[in-house]
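Following are the structures in question.
Note that subunit A is present in both complexes that follow, paired respectively with subunit B and with subunit C.
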Partner chain A sequence: MSETRYTRDHEWVRIEEEGIATVGISEYAQQQLGDVVFVELPAIGKSIVQGGEAAVVESVKAASEVYAPVSGAVIEANDALTDTPALVNEDAEGEGWFFRVEMSDPSELDSLMDVDEYTDYIQGLE
Partner chain B sequence: MAETVSGNRGLLIEEKLIFEQDSPGHTGVDLPEPEAVNDRLGGLRRQGPIGLPGLSEPQVIRHYTRLSQKNYGIDSGFYPLGSCTMKHNPRLNERMARLPGFADIHPFQPQSTVQGGLELIHSLAEWLKALTGMPAVAMTPAAGAHGELCGLMTIRAAHEDKGETQRSRVLVPESAHGTNPATAAACGYSVESIPANDRGRVDLAALKAKLGPDVAAIMLTNPNTCGLFENEIIEIAEVVHQAGAYFYCDGANFNAIVGRLRIADLGIDCMHINLHKTFSTPHGGGGPGAGPTVLSEALAPYAPLPVVVQDEDGFRLIEHAHDWQDGKPLGRLKGYHGQFGVFVRALSYILSMGADGLAQASGDAVLNANYLLARLGDVLTPSFDGPCMHEALFDDRFLKDTGVTTLDFAKALIDEGVHPMTMYFPLVVHGALLMEPTETESKATLDGFIAVVRALAERAKAGDAEYFKQAPRLTPRRRLDETKAARSPVLRWTPPPEDKAAE
Partner chain C sequence: MVTDSDQILLSTPLAALHRELGARMVPFAGYSMPVQYPEGILKEHLHCRSQAGLFDVSHMGQLVLRGPGLAAALERLVPGDIQALAPGRQRYTLLTNEDGGIIDDLMVANGGDYLALVVNAACTTKDVAHLRAGLPDEIEMTLLDGQALLALQGPAAAKALGRLLPAVAEMRFMDYRVLSLEGVEVGITRSGYTGEDGFEISLPGQEAENLARRLLDMPDVAPVGLGARDSLRLEAGLCLYGADIDATTTPVEANLTWTISKRRRAEGGFPGAEIILRQIKEGTVRRRVGIRPAGRAPARAHTEITDADGQSIGEITSGGFGPSVGGPVAMGYVDTSHAEPGTPLRLMVRGKVHDAQVVALPFVQHRYVTSS
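Right after this comes the complex of A and B.
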């Protein structure tokens, strides 16, 4: 398993097999949102662009867009979130993943933060 | 508090669902069984009961009366959600709307028989034009968001008429009402957000960087959703116009500036006016909206029909493009002539206030909000420095490390008999508490509210988080499980399983 990288919009992305990125929202994002009640996932095959809208997450407090941390085509969505959105709260950076994408430009990962940089970043937001 | 035998709390009656009160055979009207007849329903006659509960007339009356007594609204007490939801509706407006000459007319009547009604629409339009300094107004949009749609459709029509079809982007500040990006998207535009600066206003440099020949419009709320006046608005209008785009102003907060400035002088091309927010018509479950949209010289030709015009023969409706030589109307946005009953109330308010009264109302709205800001600023955490407009914005920094959230704080306000303010909006600050007292609240009411908020803030800081977690205590129902309600909503009553013991 590769290291997890993070966006400024609080998505995480991890390469679990060659060229395939798994995407979700960070533990920090989950805490800020509060109880997640609905997740709208992208359709399989949808092509997404880094920084563009990819999914929607709705909590008791707010609805937010989830932005694509990398560009590519969606190959799998975590359908378990449809029935059990609570997975996002319970395990945001594991079982609560959103979708997997076949990356068109893996070098995009270089523009994202590693866990230490992200930790510093969210401390700056407090 | 001791439990009662009945489950009631004093004269607050514990009320079951009407279906749970079903006693088969009870009925309000007891009609004799009709004689057998051959129906003409083609075999589709109802086969079984339709599942309505059996109740007597007094039971039904009590049921709905009790439910209505659990309601809390602007007529019950202080309601710092403000004009977004409901502000005081002067009863004079209602009286005028019920005059038979207004209440009993029909949009299909010959125009010669409804000259008064047409004059009323025309008079309100003239007032709205005068108050904004704009040359035209589309009266038919049925609500604020419909007015936004009217404005953006007008802008799109203007661009298309000039052949500028490459304009595909609309810029919206990140603090905007959600309806702004939704409206732009509904008109086929892509939406880009403009960040705010640390003063809570639009970041002018970021706006300039995003402008270009493919931008159709900017949608800006002024005062904005943080309750702040966008004081660089004239420069914003200049750079937007230099880029060939139009300036849409969301007029949701016009109630803070009406009678004080004319939006035409700010360089705005169109703005909707929520009649409930600025002109005191009912809203929030109390009545339909109306969102007349004022238009600049550049956009006026594209206004939707119908329009009311006045000529030597009186007032006349123009309903078809071929009768409207002055323009290139984009079509119709609504059946008939707009929300007429709302127009009656708005004009009644305007005429009873007068121009000076309207200026005083916006001044009082701003004064009341600043009074809250000044009296609460030391115990809560105001999000931005300096005075506010008609609403005071705080965030949850004052609750840091107390274990109390904005939601908990709001629930504790309910126990004190106050409807909570807007929470968690706008999203640009953390754990927002947005208070809009409106112009009609007295100093005594505000002082009562301030005393409650100060005491609760001190309680939270003293470490009594448990008190807040348990709130509300004194309501007909305690804290609702909002998460469960959203995740597994029960939207339909179903009968409980048969009670064996009762058989």
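Right after this comes the complex of A and C.
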């Protein structure tokens, strides 16, 4: 399964390997934030809970929380963002991923939006 | 309850142009203002430092004072030397309160038979009432409601504005001139809020869009929003009213003692003089300093500052990412014992300790044109 799903807080999550979710912020979120200048990533092994704080993304103007779209343990963080935070702006839903998590409850994905639902959702925000 | 979103926002004479340029508009001091254009804050900031940026600052309060004994009358409200301000010159000063705190910071220009003031947008109503109450009745005060204010800032600003107004080449930093731009009277100062050379141009609202378009048509001029205005002034070490200075900070604590001339220090005669003059002599417990966080994490306003042992010694008042510095920059107040450049500090950012040190301001050298 490689379908991307989205949260109401504009995180995305994609399953590229069984039980492992890759997490980032959406293209819409990066546009809203503007130039990303700093990303604080979770430590490897950190246990995160769906909807809980997992990372921080900072634009020139402000710091924003990144919430965990699913629960589990962090197994990898995208260290490229430490030196090149602008990757989030350049490729939010690809190279600009934040971290990977070993899911403890894959059924949590069902509560998230697919791309069509998310597109409708952000149109409703404008 | 009235919330921000319920508030009816005022718009500047350039509102239509901002929309056309694709600006993201945000509420600021009761106005709908452009925080950034499609290029984004980083590029706008860097463009201003390398070429020229055009800012709409029409939200700021513009006042004209006239009347007998005007300079001496205004000096009863500010510690700045207004009597020594020559015609055609501008000066930065402060409205102080009886506790020595700062009611607002402002620019005062001498127009010969009048003084032209520029005050902070969010303070305009308060300042008008304060000035009216503190100035004699024979001083006439006019709020220039429909007047626009544009700032053109950056190393290419003089060349760009000179194409329309060659006389600006004769001006130096903090000069004030009233010039005619094809029959339209414009009040120009060679000053700004970026640390760069540049101008602020006051003109009737209905003329502002035409001037803005002509400047923006030039290849070296790009629009810059409030987002980059903030990062530019922070790198330049310039105070933001309401963040770095307010009614609870004195000019001495804020490191703005340079705004008080020798004569004013000797004579006093401004609100809070007793406290401010004593602080000049005896020092203060805390002082505004530049702070350079180590690493890459920005430290924002209200971040707690501790010494190397973890004792709380102050708070960040402005902080963020400095695009020209290429890293985080901040200003804040620390105990005077920790105010020397090079002093190590610690910042508590999201519960984690980050190293930092006190540095001399500004972060980016000022490039004012002080001789022509």
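We take it that the second predicted complex is superposed on the first by the 125 of 126 C-alpha atoms of A that agree within 3 Å, B and C clash if a C-alpha of one lies under 4 Å from a C-alpha of the other, contacts with A are read in each partner's own complex, and residues count from 1 in each chain.
The rule we apply is simple: a contact is a pair of C-beta atoms (placed from the backbone, for glycine too) under 8 Å apart; a residue touches a chain by one contact, two chains touch by 3 or more.
Predicted model, so just to flag it, every value in this text is computed and none were measured.
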Clash-or-fit label for the pair subunit B, subunit C on subunit A: clash
Which superposed partner A:Ile44 touches (first subunit B, second subunit C, both, neither): neither
Partner chain in contact with A:Ala80 - subunit B first, subunit C second, else both or neither: neither
Which of subunit B and subunit C A:Asp35 touches, first, second, both or neither: both
Subunit B versus subunit C as contact partner of A:Val56, first or second or both or neither: second
Subunit B or subunit C, by number of subunit A residues touched: C
Stretch in clash, subunit C with subunit B, out of 75-83, 291-299, 309-317 or 363-371: 363-371
Residues of subunit A that lie at the interface with subunit B and also at the interface with subunit C: 35, 37-38, 60-62, 85
Touching residues on subunit B, where the partner in the complex is subunit A: 424, 427, 482-483, 486-487
Footprint of subunit B on subunit A - complex, ascending: 35, 37-38, 60-62, 85-86
Complex interface listing, subunit C residues touching subunit A: 35-36, 40-42, 45, 227-228, 230-231, 296-298, 300, 320-321, 323, 328, 350
Contacting residues of subunit A [partner subunit C, same complex]: 34-35, 37-38, 40, 56, 58-63, 82, 85
